[in-house]
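Every chain is named by a letter (A, B and C) in the order it is written, and numbering of its residues begins at 1.
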């Protein structure tokens, strides 16, 4: 059971050019294409006539034309032309999915199109704000999407999964306080007046003490956003003034593909040394390495679950944020199902 | 549910030599081998003793000998020898399937052996008639056999699936009249006193106007036969005198392998320039290219259907012949099932 | 349904070093590792917390540490440490399987650990007795384990499966008398005062007549042990005095992996020419060739069964030992299930 009335990332804008592109989201075949005015549309990737994937067809005059018998569909999913006959048969249509191009990603709404509210797209302003520099990748991952969420929200895996990078950090020693709102689960740690990490010392340009923070927020169904940084000690970052500091954002969006596979979009952005390509490259490489260690774990976990008839996990204290997040997601899904 | 009391093509005569050959037809394992007199026999490809495929055994004195314990079976499927004992246990037998070698193909009857009637083998005389020259191929195709039938009977896919060859032809502009008999669905178009296509102009050796025809006939479960040609305008071809014309036959036989795969045998024959190897080669290459475009479509269609819980296709006008053919096949299968 | 309260071979001692090793036995994931004192322990290969395979973790201070969140398990399967908290949650444990290292194999007890009785390990003394020399291999085989048992107990397949080696032997001409005890099915043939086979003539160092034997014993669920040899004619081998003879043992242990795959451990040992490496190499090569012919058959048989809805085999006379063995195994399993 997936949450449907929400935005998922469908891909990168550059993926959809003149040719239609077929993908699977939430177990459903979806075709993405650009209409005459260049906007991206998404339809059910299955012709209503003989069920050929429409992604095997082509875009013709802004319509999506099936590659089998040439039926044409507009961006609303309505069949607007059937070769060889003047009238379109009643009911000839495919499902449409609202799409928005924003923050250098394509966002798709898999639920009721009329409920699609662009205002619900999570705020990842740093993806295309010129005072920030962002990077990231797309990975196809062979696990249920929620396993990939879990590993983001649980910091205690770091010493075991990332022993050579994050794992050595003392940051995992204390449990964060988890906060829950109607729409999010979040947690954070502030370490006041401490020595900066080598990376941040270089970033902020000082060896003096700093106030450090590590904050994260989960927005169901599948966005985990991290806010990491430091500022000169006592400069007021904790109360909102980050002018004397540097910030690094990471975002993990996971779009379910099937029940045991997902689309993983991760991104990292920073607001310091933004013109230094070497810093960007190093940052990308470091996070890529860390996130790929996560992927190795969750794919192995999925294989283990495939071979498990009943999942009866024992929980530990550190699972609190994961359990809160799962509970909130479950609540969202129940609300949608009951409605 | 397959039609069983009918002939399917099992393969090419040259495939079955000294060694038994195992295949799957209608979901059932079948072994083909040659008996002492050189005729081809077909049995269940599963020893009645420990179920090893008999195709892993060998032919010994015209009997098929299992490769595990040496049980021997004759062409009727009866076990005639069990090593180490003088008596064959009661019930030791495997199913037999009548086979006929005709028109340079092997035909197999998957139903009641006693009902096998060689007279029901479709007439494809041009496959081995010396005034004709025929060519063709066998392809394993990853789709339900009926999808491959559908695409033969539906001419309106040509502009979209075969844009560079058939698709440009004006021949698809008018709907054919579909005719149905007790045993066939057929349709055809006659275009009287028209310019010949370049290919046929060369074939008939004139640039003058001709009467052209495109006729096809579907015989359940899975034979689609085409009759294409032209004759000098007004020479009486439409009423039966083709002496002033040239004819090209194509045949598409599809034998179900499993519910989502089939054996596709196609053939093309002509009665003009029969000694010109270059024409044969060009004809083969052209049709091979066209038919492989069909296969690309139906295999993609199958994948789409695999991911579709309920198939509720919308029909269009051009589906008339396909729907007639499906209906006739369904009637045949129902009759067999009720009997 | 598997027999559980019995010993299966889990692998070779050399396989389990510093790193944990994951395998599947009887459909269950099992991890093997060495504790601080070097003994091998076996646990469920699935952390009780988030179900990552423990074989992806590492051994730390003799405990098995999960590679995800660092939970540690001792050899009894009890979770003894959860990072970040002082108390281990109730119920945090994984299943344990008793393991014994003996005869240069690792033996695992897949049933009730308290019922594990080392005395029930089959006697294959010749595997590590210095007056014997033994060799063998491990193979992953793609068939249900009982198919691989069947082929051992049935000598009549030799002329068909092993035509170039065993098959030519006259030894298969006479049916053995099958004997059954509470715990075994066995059979044997004694051929008194006959010419020795070339191999045994060389082994015993004479061309004179010998008394030959071929004895085998099946111990459920999956051990087939052969005892083959000859002694000077009339020297009393049949009544127990083998001092004037030579003996060759082969053992076939099969551990179920899944319902259609198994772990096959075979071994061959002899008490003659024990220092002659060339004889060992030739013996190994010969049996390897023979046993791989068996594997080819049973894997093909499995594929055939996969495509068979109901297995209704016809039995022949030579199946007597196989049927006795299957019956005894069934009795063992029923007894265990009823208990």
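We take it that contacts are C-beta pairs under 8 Å (C-beta built on N, C-alpha and C of every residue); 3 or more make two chains touch, one makes a residue touch a chain.
Given the structure is predicted, the values throughout are model-derived calculations rather than measurements.
*Asks:* Copies subunit A, subunit C: same or different interface, half of numbers shared as the threshold?
*Replies:* Here the answer is different, because the shared fraction of interface numbers falls below one half.
*Asks:* Since subunit B and subunit C share one sequence, what rotation angle in degrees maps the C-alpha trace of one onto the other, as a multiple of 5?
*Replies:* The superposition gives an angle of 120 degrees.
*Asks:* Counting only Cα atoms for the centres, state how far subunit A is from subunit C in Å.
*Replies:* Each chain's C-alpha centroid was found; their separation is 50 Å.
*Asks:* For subunit B, what residues touch not just one other chain but two or more?
*Replies:* Counting only residues that touch two or more other chains, subunit B contributes none.
*Asks:* Write out the stretch or stretches of subunit C touching subunit A in their complex.
*Replies:* Per the touch definition, subunit C meets subunit A at residues 24, 29, 45-46, 48-53, 56-57, 65-71, 79, 82-85, 89, 91-92.
*Asks:* Taking the touch rule as given, give the residues of subunit B at its contact with subunit A in the complex, in rising order.
*Replies:* It is residues 150, 154, 156-157, 159-161, 172, 175, 297, 300-301, 303-305, 307-308, 311, 313-318 of subunit B that touch subunit A.
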